[in-house]
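Two complexes come next, and they have one chain in common, subunit A, joined by subunit B in the first and subunit C in the second.
Moving on, here comes the complex of A and B:
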């Protein structure tokens, strides 16, 4: 039982592919966030119960499970909470140059943003580094309106 | 129904980096035949079937429709869980506990080698608005977490290398393992960076294979099996899907799932009351993180304990006597079924060369992989 094929040149496969044709609705909180991002501003949602701020904003607090209706502009800059040097692209090939992927957090705000860091010496990348966004000239209302982040000048 | 639920049969296939000679159906069939033979049953004796799959890993939509035939489950109650293997095992236990079913069969497999661009599939799981448009290979998430976890806990890249060396070497004595090897910590530390500090050898390579597990209520189990292994506790839960809301240090999904399983099993002091564990090690640092958040080591102490040999197969608390995902191969959501399979062999005393002496209680802990923060815990024992 379970004898295996020994002549591997006889093996056949059929290759198939699937493509996603989807659109993703931003929703109430998403619209709020990305419309402000087009004005080069960041907004957080404020939970009426625990009074904490959240980025990216949502219309509910995932801890208190109450509705969030208040959105507050954040003027401070975030800090690097964690970072990694990414060497592979989506097809697992080596990138020409590694990307510095960062997880940014604002002081006293829950959540944060995943993004890329540039214009920086590798030795200077560390936890707590304060960074500023570099925006696209003509924002389109998506996360790539921020071209990248760099250390605060 | 107050009867316990027992595992009475296990079936496997050899785990392999590629399996271009057999289809996924043929792999499942092979594991099913072995499991039914081991349990001394025929598929007609089975009351309910639970299978694990994700459409995107299988490459077909509505994959649950592809389940019945190779299991002997045509025209039988079958359902698929798009979740981790231990959650599916919990589902079998719950179905038997309703009193409506005597025998349940659990199936999980991986045909990972047929996925041409696995990172694209992982990327498709990232938040489509806030993260996916950045176009990063999703392995970045393991890099970010490893960085923060190591700095905050004081565990080191050296300890991660030690996890890899231990699990690859342990796998040498496991005949079904896909990646047994004698490698040094130096080999791991000098392997190519993937998402630094994560390196090539820190990552479990994928494997193809299948597992089928037969469960029954205690009275039926005792009649059918000379060595039933009892499910004493199960737990499963999901942390927030929002990456930004996580601290990238803790694995609270396992703390929660473990507390649920420990409570059911009546375990108060896991390190004393459990004899060994099969714990998710999809990335080397994950073994350390999971050990700490399961309550087996205090925060920041897993690395040192590992260095002292505490988690070796002949140590005080063996972790991954099978060789883990790093030694055996990563099988997506079915990886944890390899842990169950290993625990059953150990608790029956059938683990041959790698048998841990005098074991009564085992812990299996799973993680669903990138980009999730979900996991499960199962406690098994051979105590009558």
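Moving on, here comes the complex of A and C:
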């Protein structure tokens, strides 16, 4: 009773593509963070109640639920908190060299940054590795103003 | 406590008063046509319109489907239909699919295919029988009405690819 397609070349799919673009603005605290990043500086937001620091900064503390108005420059360097080796790109193509993606955390600061790690042997990547940023020459005000991070020299 | 937002103007982006990141999305998809539409598209490639009939209510549906949505029974026969029909509804449009404006209108219409049941039709364009392009609204209305008989104009067979665009457009034809 039910008809079936028995030849593969008779199976049809309709191929299409949907495009779109969106524009993300960073908000008050994010704007502050990236403006400072353009000056090669890192700022954290400081909660007036619990005095914890946040990177990326935000304008409220989610635990105390108070407004954050104070932003302080962080001069210390972060450490590798977790890492992943990527062997394929987003299109599933094998990469010539594996890429290293790290989550970086500063000691005693909430939050952290996800970024690339380079100039390092895969064997040397480990939790707690202190890293320093390598900046782009002409900053544009986004996270890629940091080209990548490398182990502190 | 009050957190004040800031409304942004186009100017703010152009003058770089505000930082931002743009992201372009490209989502590719492949939609499985299934048994009925696969045959329908194969048919288009051969310059044929296939419908499907329901054993219960006898309706002939186009575009074809493998079940009758009224009787909830599998449809059981392929029906070769004529490449002509009548206009069920139409629109005179001065807007392209990307929302850009047209100087001369085009006429998207639902065409009830002859041999299929009432109300069964496909959406396509209706063109001027000689000039193809319509001059203006008045010209369209002088030739097109609900119920006007139309016939498909096909691409040459070597250019057909099994898509609804294998029919270039429909044109009004004289009643016999």
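Just so we're on the same page, the second predicted complex is superposed on the first by the 148 of 153 C-alpha atoms of A that agree within 3 Å, B and C clash if a C-alpha of one lies under 4 Å from a C-alpha of the other, contacts with A are read in each partner's own complex, and residues count from 1 in each chain.
Here is the rule we use: a residue touches a chain if its C-beta (ideal position, glycine included) is under 8 Å from a C-beta of that chain, and two chains touch if they have at least 3 such contacts.
Bear in mind that the values here come from a model prediction, so they are computed numbers and not experimental data.
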{"item": "Side-by-side fit of subunit B and subunit C on subunit A, or clash", "value": "fit"}
{"item": "Partner with the higher number of touched subunit A residues, subunit C or subunit B", "value": "B"}
{"item": "Partner chain in contact with A:86 - subunit B first, subunit C second, else both or neither", "value": "first"}
{"item": "Superposition-derived angle with apex at the Cα centre of subunit A and sides reaching subunit B and subunit C, degrees in steps of 10", "value": "60"}
{"item": "Touching partner for A:72 - first (subunit B), second (subunit C), both, neither", "value": "neither"}
{"item": "Partner chain in contact with A:111 - subunit B first, subunit C second, else both or neither", "value": "first"}
{"item": "Which superposed partner A:134 touches (first subunit B, second subunit C, both, neither)", "value": "neither"}
{"item": "Touched partner set for A:13, first subunit B, second subunit C, both or neither", "value": "both"}
{"item": "Partner chain(s) touched by A:22 [first = subunit B, second = subunit C, both, neither]", "value": "both"}
{"item": "Partner chain(s) touched by A:142 [first = subunit B, second = subunit C, both, neither]", "value": "both"}
{"item": "Partner chain in contact with A:50 - subunit B first, subunit C second, else both or neither", "value": "neither"}
{"item": "CA minimum distance (subunit B, subunit C), superposed complexes, angstrom", "value": "5"}
{"item": "Residues on subunit A lying within both footprints (that of subunit B and that of subunit C)", "value": "1-2, 4-5, 11, 13, 15-16, 18, 20, 22, 24, 26, 30, 142-143"}
{"item": "Sites on subunit A touched by subunit B in the complex", "value": "1-2, 4-5, 8, 11, 13, 15-16, 18, 20, 22, 24, 26, 30, 55-56, 62, 81-92, 98-99, 101-103, 110-116, 127, 142-144"}
{"item": "Subunit A - residues contacting subunit C, complex", "value": "1-5, 10-26, 28, 30-31, 34-35, 59-60, 66-67, 141-143"}
{"item": "Footprint of subunit A on subunit C - complex, ascending", "value": "1, 3, 6, 8, 13, 18-33, 35, 37-39, 41-42, 66, 74, 76, 162"}
{"item": "For the subunit B and subunit A complex, residues of the former touching the latter", "value": "20-22, 30, 33, 59, 114, 116-120, 123-124, 128-131, 133-137, 139-140, 143-148, 151, 192-198, 240, 242-245, 248"}
